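Following are the structures in question.
Each of the next two complexes has chain A plus one more chain, namely chain B in the first and chain C in the second.
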Partner chain A sequence: MLEREVVYESVLDHDFLDEIYSLPGGHEIKKCIQCGTCSGSCPQGAVMDYAPRKIFSLIRAGFRDEVLESNTIWYCSSCYSCAVRCPKEIKITDVMYALKRIAIKEGKAKKGRKASALSKNFVRMVNKYGRNHETELMARYILSAEPFNALNFVPQGWRLFSNGRLPLMPHKIKNIEQLRKILKKIDELEEM
Partner chain B sequence: MKYTYYPGCSVKSTANLYQESIDAVVPAMGVELEELDDWNCCGATAYMSVNEMMSFAISARNLAMAEKFHRDVVTPCSACYLVLNKTNRYFNDYPEVRKKLGVALEAGGLSYSGNIRVRHILDVIINDVGLEKITGLASRKLEDLNVAPYYGCQIVRPMYYGFGAGEENEEGFDDPDDPVCMDRLIEATGATCVKYSMKTKCCGSSLIGTEEKQALKLCRGILADAENNGAHCIVTICPLCQMNLDVYQPKVNSLFGTKFDIPVIYFTQLIGLAMGKQPKELGLERLAVKMTRPMKQILQGA
Partner chain C sequence: MSERIGVYVCHCGTNIAGRVDIDEVVEFAKGLDAVTLVREYKFMCSDPGQSLIQKDIEDGLINRVVVASCSPLMHEKTFRNVCTRGGLNEYLFTMANIREQCSWVHVDVERTTDKAKGLIEAAVRRTRLQEPLTKREVPINPRTLVIGGGIAGIQAALDLAEAGKKVVLVEKEPSIGGHMAKFDKTFPTLDCSACILTPKMVSVGQHENIELMSWSEVEDIGGYVGNFNVTVRKKTRYVDADLCNGCGACWEKCPGTRVPRKGNVHEKLSIGPTTSIYIPFMQAVPAIPVIDADTCIRFKNGKCGICAEVCERNAINYDMEDELIEFEVGSIIIATGFQTFDPTPIKRYGYGKLDNVLTAIEFEIMNCASGSTGGNIRMADGSEPKSIGIVHCVGSRDKHYHEYCSRVCCMYALKYSHLIKEKIDAEVYEFYIDLRCFGKGYEEFYDRLLGEDVRFVRGKVAEITEVPIEEAEKGKLVVEVEDTLVGKVRRIPLDMVVLCTGLEAHESLADIAGLCSVSIGKDGFIIEKHPKLGPVATTTDGVFIAGACQSPKDIPDTVAQASAASSAVLSMITREKIEIESATASVDEDKCSGCKICNSLCPYLAIKYDEEKGVSVVNEALCKGCGTCAAGCPSNAISAKHFEDRQIFAEIEGILSA
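After this line comes the complex of A and B, so read on.
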């Protein structure tokens, strides 16, 4: 439920809309007709604070914090069901990704604490090895996000390990320096 | 038919059984997969959640390295398929993305024109090898085996990006809500295809690590629908779908009090079985939910 019932123009964040518009393809959200096809298609809709249709209406009305602090963006499993059905061809899934990034950057990912920990550790793995090392990823994720829930992961880990599906050693690509140079350049470009 | 092969991280670890079955079946189809030297992780859904341009950049490194071979890139992983294609799409559609990626690749001594086509191995087997060839290779009688095709999300849905690259494939290679290509493939192996409605419903993907209950609920729905329609096994094309439905199946059972005992195998394992290969050669012994007795009996022709 929205906590602020009456919203004054002055407290709404109009820059938020511009922020979304400036994403590649982001201006598409202007075309949303609030038909609800996305919410009806979303397998996660029932557990989201606001299903996708509402997210678009909140973005357009400038409810920045409500959107960024919602659990919605973290429940989005990137299944693209909404995006393929949207009559206005809005790249809904990609907007969800953009919201994740803004929320992480601004420290608003409280409800996405676990998902953002997983993503950040994944990025760390790739920047370190050039590949994902699933064993280390899980270990790091559990330590950073769910240390008291570690036992919960044991049965699955064992099922993988005992069937020879969990390599203990990471694989590092040969030209990791090249990958890092490319990433560093993006970092510089994005700073500009 | 020679392709540049982009395996992705999963088939090198938790999905090694997928790779084993691919190695066992593709030579007979006349498919040669040459692994892209020094490929890096595509970043999956996680990298994109943190930094989109960097996620495109790491994928672009792979595409740039593949370009000199002038062949289609083939991947067995639905997530890699999606991410590499999405990178291509953004690279070609948005000049600002193309510019940044060009400069970044140059910093690494690489360049990319945007013309490499990335395909899923399912697409290659169905459209390049062809179903007739599969039927020709099938020697084991599988008609009593009821197989439920599970497509998942990442392979059929992103057609809205115009995936499957190339004019003729502007629409992707199958319908996003009711794909049938794997149904046809199952029939081509001689097995019986189970019709059920959850074949493209989300398995929860990485929510399994972060919002486990929700992901398990989604898995339960898929397993229940397959079981109610008489499936002996589920066939999948994606390492993450396989992991959720297989490795987490006991957990679904303990959480919801269900008694699912449904092996979840890769489509290449099914093809291998049809070709008369032994389960071990196909990595089938690595399943968390082992092949059931009825399934084994059917394989032995009993």
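After this line comes the complex of A and C, so read on.
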């Protein structure tokens, strides 16, 4: 028998909206009028599970898992078109970052596996050297996210190497201890 | 004096000249009988254009005028005035419409030009036969009748009274105040409704220029602009208004009740005393009670009489009867307001069947501080709801009921959300199709509500049921709705549902409109004279409209229209006299057979039968010159001035011969 799909109120998480609201950048989220400026302006909208406007309607209705497990938050390239144009001045890109953090924390970032691997390794580079080291970042990213695909990266890697884009040795910034203190403090604040 | 006709052909920029060969038309007109002069000009309606005509009349070159330009509706008055200024009777002028009826609707230049020639020849031929008519003036009675004592009628009456004019305000309920008196708060400012309304009601009651007739209904209206004869039925209160001082002893002691004794909280909803002798609410103006004869024990079995016993001023009189009062006024303002849609026919919403499904007006009364729940939001069993759904567009934007948008529901729905959050902090769901927050401060109010954790769900509710599917739905009302922004059908369990019932024309409006000879549109509301430029006037001179009798309106718009209507009345009264149509019908008494067919045909009730002479007589003050009677008269006894048979035949011949 064909059954109609109905969503029961009991499966929805009505605290989700307040959860996002309390995070940095989430403060205007309740003021969304669902106009669609964000989705219309988003260059990545076509490949997203839900374009940004719908993400906001899902948050409001309490569809927590649908939001956190969607590819939307990982396909956001932080171009800020939506945030600049939003008539209610919602910091949409910031909300996407907030969603990424929750998704990673709760292990719901399956569709964001590659993107989160890149982000994590990038942060590791910054912690280690005070700036990015492309060669190590690429190596670590490929090993952690796409190990069986490693050989396919060789031609591209060779071209980058030939053009001097993949330095063998990392460059450390001066006084890296001070930067690490700052980053540690941020971590502490986030935990609070 | 022979006819010397001047023909003026207007280019109307390229509106006419672009499709009509003006030179050819001019040459053609020059050849017509009695035409002594033909001119063409870019815009005849402009100052220089008008001066051309005026100068030709003054110079004695012409004594009749034909202007070939746009429609009479647009500029007939303009050119009639030119004739008058030039010293020519304005009825010796004719307009040939070669724009709306010619250049705008045809493409082929040659045939369009031919048609223009035909229209001009028709006008010229009819103009030769036209006769000068004299304008007539009638005095205007400065007194005004305002029908309806809601906020529209109150505002209109006060504006006129403040200007020193006499007003009769007729209200069918025991007190003025209308719907606004039932509200607790008003959107979007959340002003206390009673606080802003009561002072106005008191002013009406005390104003020396306002004669207030409450618990009264208009029975008959005759006459015409400036001189209407009105008959009002003063329904019996069984209380002598001259003796009563509104002390309240009667309703405090009355053993009868107008509400069901055994009903639940919702069935007993009311504001003001629920006894059989009552005032509708405590701030009533006048504060004189009425006996509800249907529930009064005295009228049922003759056994009571407590109210008469306790009344120290002996104001109670069970033998009182309705009174008919006749008076004259010069103008009428209709301000009968609205009634709310009854949602019972929408079975899937369960109103009347499911406890805790309420209409907006019931919820309004529940929120009213002086209402039976003391302003507390309660379920039928008296407990406090934890979750409330508000369903928009009930009876509005729906071809099964009313096609139009009721305009106020979005905003009062938002107001409800705010009141609920403020009073009991229950969960609130707003089920809407669109949120139409168009007025001053309205969008800001919506924005505020978005921040108050109201759950907005876009989608019209499909069904309200009490049949549960899952555990959490047991004992609840369940709303089924597609959340169109998410794209999923949702089932939402709730304690209470408020139906935002739309506004519809009051059931008494059709009768009132009939009495005043104004038209009702297919939406049931009065049709205004012009949707943009004549919003307070009607097709009947001297009859004006204010508020929701014209279309659904909120309070600010109603008050604005009421002031506009009173200012329209004032500008008429101030003239003291009014010009009335000269092109009226007249009956040739020798030919009239007294068949009375015309009496019933006349849409303005202008023809009466003279019993003595045995003929029908036209009241020229009422006649609009529509010609219906002339066409309908089987004895050919009626002729319409300015539209005589010979003039019309000449016109037809003109069209055919060109």
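Heads up, the rule we're going with is that the second predicted complex is superposed on the first by the 186 of 192 C-alpha atoms of A that agree within 3 Å, B and C clash if a C-alpha of one lies under 4 Å from a C-alpha of the other, contacts with A are read in each partner's own complex, and residues count from 1 in each chain.
In this section, a contact is a pair of C-beta atoms (placed from the backbone, for glycine too) under 8 Å apart; a residue touches a chain by one contact, two chains touch by 3 or more.
Quantities reported herein were computed from a predicted structural model and do not represent experimental measurements.
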**Prompt:** Which term applies to chain B and chain C once both are placed on chain A by superposition, clash or fit?
**Reply:** fit
**Message:** Contacts for A:25 in the overlay, against chain B (first) and chain C (second): which applies, first, second, both or neither?
**Reply:** first
**Message:** Between chain B and chain C, whom does A:100 touch in the aligned arrangement: first, second, both, or neither?
**Reply:** first
**Request:** Could you figure out whether chain B or chain C reaches more residues of chain A?
**Result:** B
**Complete:** Minimum Cα separation between chain B and chain C after superposition, in Å, equals 19
**Complete:** Residue positions on chain B within touch of chain A in the complex are 9-10, 12-17, 38-41, 43-54, 57-58, 60-61, 90, 93-94, 96-97, 100, 103-110, 153-154, 157-160, 176-177, 201-202, 204-207, 209-212, 214-215, 218, 247-248, 250-251, 285-288
**Request:** Sort out for me which residues of chain A touch chain B in the complex.
**Result:** 24-25, 43-44, 47, 74-75, 77-81, 83-85, 89, 91, 97-98, 100-101, 104, 114-116, 118-120, 122-123, 125-126, 130-135, 138, 141, 145, 152, 155-156, 159-160, 163-167, 171, 173-175, 178-179, 181-187, 189-190
**Request:** Show which residues of chain A lie in contact with chain C when the two form their complex.
**Result:** 4-10, 14, 17-18, 30-34, 53-54, 57-58, 60-61, 63, 88
**Complete:** Given the complex, residues on chain C that touch chain A span 427, 447, 450-451, 453, 455-458, 469-473, 480, 483, 485-493
